[in-house]
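What follows is a set of structures to go through.
Shared between the two complexes below is subunit A, which pairs with subunit B and subunit C, respectively.
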Partner chain A sequence: MMLGIRLPALRDRLMGYAFVAPALLLLLAVLAYPAGRSLRLSLSSGVRGSSGYSLVQYAELLRSDVFRQVLQNTALFVAASVALHLALGLALALTLNRPLFGRAAFRVLALLPWVVPDVVAGIVWKWILNPLYGLMNDLLFRAGLIAAPVEWLTAPGLVLPSVVLANVWRGFPFVMIILLAGLQSIPVELYEAAAIDGAGTVQRFRHVTLPGLRKVLIVALALDTIWEVRRFGLIQAMTAGGPGIMSEVLSTQVFKQYFQFFKFEYASAMAIAMTGLLLVVSLPYVRMIVRQE
Partner chain B sequence: MESSLIYSRSRLVAAVVYAWLGIMGVFVLFPFLWMVLTSLKPEIEALRVPVTWLPETPTVEAYVVMWFRKHYATYFLNSTIVSLSTAAISTFVGALAAYGFSRFGLAAKGTMMGFVLTTQMLPGVLLVGPYFQILSRLGLYDTRTGLIIAFLTICLPFAIWMLKGFIDGIPAELDEAAIVDGAGRLTVFFRVVFPLIRPGMVATMLFAFLLAWGDLLWVQTLTSSEAMVTVTLAIARTVQEFFVKWPELMAGALMGGVPGVLFYLLLQRWLVQGLTAGAIKQ
Partner chain C sequence: MRRHRTSVRNVLWVVLTAALVLGGLAPARSQEAVTLRFSNWHFVETVWGRSLREAINIFESRNPGIKIVPEPISYGEKEARYQTECAARRMPDVVKLHNFSLTMFFEMGCAADLTSFIQKEGPDFLKAWYDTPIKVMTYKGKIMAMPGDFMSMVLIYNREMLKAAGLNPDRPPKNWTEFLDYARRLTRDSDGDGRIDQWGFSIPASKNPGLPLRITPVVWSFGADFITPDGRSSALNTPEFRAAFNYIVELATAHKVVPPGVTTFGPGDVRTQMASGRVAMKIGSGWSYPIINDLNPKLNAYDTLEAAPVPVGKVQITAAWQSGCVMSPFTRYPEAAWKFIKFLSSKDMEKKFFEDNRVVSSRKDVNALPMVRTDKFSRVIVAELAHARLEPMIKEWPEIFDAFTTALHEAITGAKTPDRALADAHARVNAILARGR
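Moving on to the complex of A and B:
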């Protein structure tokens, strides 16, 4: 090692720690410390004066029908959003991965829903889906498909799909852009070689495109899942979890329990459960990155 | 004959492809158009059945009301200050850390990077409660400084990852050459690496800006006074009113999206590169 001669290795190593120290200390202070406090709070009984650890909050969580419903809503919301983001994103990325008129413009404009705040996405779809004055019912009515206004955001079976629709609009462009970049990084020679070997379109997709996309797919899926589990503004602006708890997800429910019902310990337990869920879900992603390093 | 068959078949494929892109284009852009059209209607017209598509008596009143009578300028200023500060701090601190992780064989590097990765996953609702208490005690509740600290939790982990992807792409031989010439690590970072990752820094700043600008959860919990309201909070409050004035709401929402969209249109090339830097190795 040439560096070893000129710079003492130990001093250089210390320099390395100095580079990462500000960020790590900052993260410890602004993230790890509050997260630890939440964990501590979730383990208290909520009885004044008692300072021991207790699993009372978690037991209440397991008994709660509301929590079960919210968990189910969250699972449906995340699964449907991520699946549709992926389906639309992949289909469009494959379409755009060839010379087309207006491709560059489409690519740039398609990301706009992802660029605006998710609150904006929530309210524009709330307005479009307004039963009386909304565009959606107007279109369906003109087309002769409905006779009476559809209550998109208040009917039990419709509210969650409606929220998902808004979230699909907001989120699929990101997956599309990431996958498109992934597609463009696959060497053309691989496709040429496959074609020479007599591979058809489907085979080339299976044996060249999918393996080439594996890494970006995992990254896009992981980031999207993490973001959708945490999604707050879109739902808060669109339905605030209502009617009742029909469109309530974990993040809106924790917020309510904490800041409206002031059940700090219970809300913290729910947030910890949510965090555990997120960590489990993102395990494949973490493993891939760690192996890569 | 065969060639004309192929020709007409490829024409059919092209027609299908463009029709599909057209449908998706409408799906993506129509909500924006609908916001513009609604924002230009008087309130009575927006609440009329059947729905009018083009405003019959177009007016910019909604914009005037939002901007001048509803303190939108203040909200805008708050959002701008907080988002820009967060973006600058997280990008700078993130770049230092990214350089450290990229170039040094640190002990416990795996643990430290795993820690950074984990912080990326913590949901905001896990942290807002304690933040409310901690910031109150520090006297930072309902201040922009408090919001900036809170936004670092969203932006800094991502910034480190994005920038590490960029720095990994720069050959370490450049550093070594400079060190052989007698430069210290700090000089190398600021004179050699810094200029080369400028596109990555721009992308990271843009991404952090968008994250901070778009947040609702934190501003809703860490502010209380009118002077601290941000754009997203203003929009969320308007939609929760009993009588929603839709043209004003649409005008506000559109204006709230403008800074992000402008920055994005200027810098989109680098953003895409930055978001995929970790996943696609050149």
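Moving on to the complex of A and C:
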């Protein structure tokens, strides 16, 4: 009898595992295996014939001036991109959340940059910023604002801001759409109550909108940061990390070390360091999800 | 109801019978048809792509049992993709690589040994090729690839632009002092709007795999080199290297004879500049003419452009280009793949590639043809092979060259002084070489 009661429950549980198993196996194959292999590679000395584990690749990372510069570039690129994504995304989300003529059309238009593939966006911006044939210099010339071509992608002080500019254009719609969804979930009654209490626009934004968007902002911030740390195609297409290493970021440097310099172990150590950094960045997001559950 | 069941059963019988018949036929069909994947960056170029597809058609018509599937790829991307595919044992059956990558692919076990196939062709088979290309294809005593085009880098210039600047188009610059003088006179405001719109020289100075071929001739001709003859240390601190480095940097900074933004240019940008008449001189080779002609047929590149030896400094020297065809070690059809590689390296095909693309062959019998010896471009390219040198075929070379390019960018953009940039690159190259010891 007892068996009669338990067997269906056991069968159900097994059935559940069986359904989950293919997805789990797939995840193991496409995520865990490559990650494990990279970790193993990063712990090898890179000397042919030598076995065992070593931290020489990580030691080289710490000693490398190039890596330090790349880390600094990545931090600047990510901080500027994410901050501008949030500012522009929030401004547009607030605008598109209000009754506006042609609102649906504006929403579609604002989403368009998000649809453009990374590499295509990079190539397009490279042409826009080309000192000889580019649209940007042509417009500035016509407006009488410049007398000589501006070297957007070669001047040391301009290259990273130029890449960030292209990346802001490319990435703000994602933040905008998340924040727009968040804005629409804030009950209208809260704004009405605040208005009755005499709150002005700024006070309503500060005391109703921002608290209402808190969770959505954390999600947008965490996801956008993770994506921007991994950004590759746009930078590779625009500058390939140049001039010198002035726009080199972690993702382009890992690619270069692995596929151009054939330094598989060193590139793996860099990729592992990058993964560690991403794990730290994603902690607030993970904590929030865990708390919710 | 019963009739319905019968009809379902009939349908099942038909499906099962069809599956068995087709299943039985399938192995027989797969035995007949051999499909080879052939990857080559030239597929993405209009003229070369057409030429290769025609070659494939000829091969397939001569070998009805073998089908070739072209796999286009960009020049800069090929190593990354082939390495990944090699690791997954999914590399295309035949790929084309250039001299530096060849060594890396041999070392990584991503090339099949062709020695036994070559031995079967007879003892005289390799006599048609120059010695240097065969040496480049040889790794640990085994022949791992078949040579393709073999060319020297030369100075390419627009004779009409020289004429317009009051220079003799039949007397190109012979040394670097003359070259600078020509470049200065060719840099001007051609339409009188007060802005410079024509430049004497251009070079693809971005970090791209085409730069070493175009900049090493300048460095070497100053009597400089990147590493010491024993290969153990950097030679970036020699007076000759400093002189070469400063000369190149000042073309952009002090003399401004190259277009702005030079550190972002790839080979395609420079070809476009030449095709549009914005640039008068560049360093290139046989492939330049058909590509530039295709970019702007109105330029009439074959008449307007000329080839001359790279200007001479302390030494008369230039860079050599060498490509080779590699068979995947994982191919299921090694015999068919060899047949295709042999076809691509044959005299007929190398002759066709010269006619279509102006590329000079690794085969002596092709370069001895009157059409090659009398062509105004190829006769210079073949003659310059006598002074041509290949890039170092050591695994550290891409990283060493990257250190140099970083210094070049830093100096051109003013991020560092040329001396500081070169000193940093020197230290970096020494660190790279020390790691390899």
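The criterion applied here is as follows: the second predicted complex is superposed on the first by the 285 of 293 C-alpha atoms of A that agree within 3 Å, B and C clash if a C-alpha of one lies under 4 Å from a C-alpha of the other, contacts with A are read in each partner's own complex, and residues count from 1 in each chain.
What we mean here is this: contacts are C-beta pairs under 8 Å (C-beta built on N, C-alpha and C of every residue); 3 or more make two chains touch, one makes a residue touch a chain.
The shown structure was predicted, so the numbers you read here are calculated from the model rather than taken from an experiment.
Following the overlay on subunit A, give me a clash-or-fit verdict for subunit B and subunit C.
Subunit B and subunit C clash in the superposed model.
Using the touch definition from the top, say if A:F205 reaches subunit B (first), subunit C (second), both or neither.
neither
Figure out whether A:Q260 sits in contact with subunit B (first) or subunit C (second), or with both, or with neither.
It touches subunit C, and subunit B stays clear.
Is A:Y58 touching the first partner subunit B, the second partner subunit C, both, or neither of them?
neither
Subunit A residues in contact: does subunit B have more, or subunit C?
Comparing touch counts on subunit A for subunit B and subunit C gives B.
Applying the document's definition of touch, where does A:Y191 land relative to subunit B and subunit C: first, second, both, or neither?
After superposing on A, A:Y191 lies clear of both subunit B and subunit C.
Quick one: classify A:T154 as touching subunit B (first), subunit C (second), both or neither.
Only subunit C is touched by A:T154; subunit B is not.
When the two structures are overlaid on chain A, which partner does A:P131 contact: first (subunit B), second (subunit C), both, or neither?
In the superposition, A:P131 touches subunit C alone.
Which holds for A:S282: it touches subunit B only (first), subunit C only (second), both, or neither?
first
Is A:G241 in contact with subunit B, with subunit C, with both, or with neither (first, second, both, neither)?
second
So which bit of subunit B gets in the way of subunit C here: 113-121, 131-139, 149-157 or 203-211?
131-139
After overlaying the two complexes on chain A, where does the subunit B footprint on subunit A coincide with the subunit C footprint?
Dual-contact residues (subunit A): 126, 132, 240, 255, 258-259.
Any idea which subunit A residues touch subunit B in the complex?
Those in contact with subunit B are residues 2-3, 6-7, 12-13, 15-20, 22-24, 26-27, 30-35, 37-38, 41, 88, 92, 95-96, 100-102, 106, 108-113, 115-120, 122-128, 132-135, 138, 141, 169, 173-174, 177-178, 181-182, 185, 215-216, 219-220, 226, 229-230, 232-233, 236-237, 240, 250-251, 254-255, 258-259, 264, 267-268, 271-272, 274-275, 278-279, 282, 286, 289-290, 293.
Tell me, which parts of subunit C touch subunit A in their complex?
79-80, 83, 104, 108, 206-208, 259-264, 273, 278, 395, 398-399, 402, 405-407, 409-410, 412-415, 428, 435
In the complex of these two chains, what residues of subunit A are touching subunit C?
Against subunit C, the touching part of subunit A is residues 60, 66, 126, 130-132, 148-149, 151, 153-156, 239-246, 255-256, 258-263.
Going by the contact rule set out above, which residues of subunit B touch subunit A in the complex?
17-18, 20-21, 24-25, 27-29, 31-32, 34-35, 38, 46-51, 93-94, 96-97, 99-101, 103-106, 109-110, 112-131, 133-134, 149-150, 152-153, 156-157, 160, 176, 179-180, 185, 189, 210, 213-217, 220-221, 231-232, 235-236, 239-240, 246, 249-250, 253, 256-257, 260-261, 264-265, 268, 272-273, 275-276, 278-280, 282
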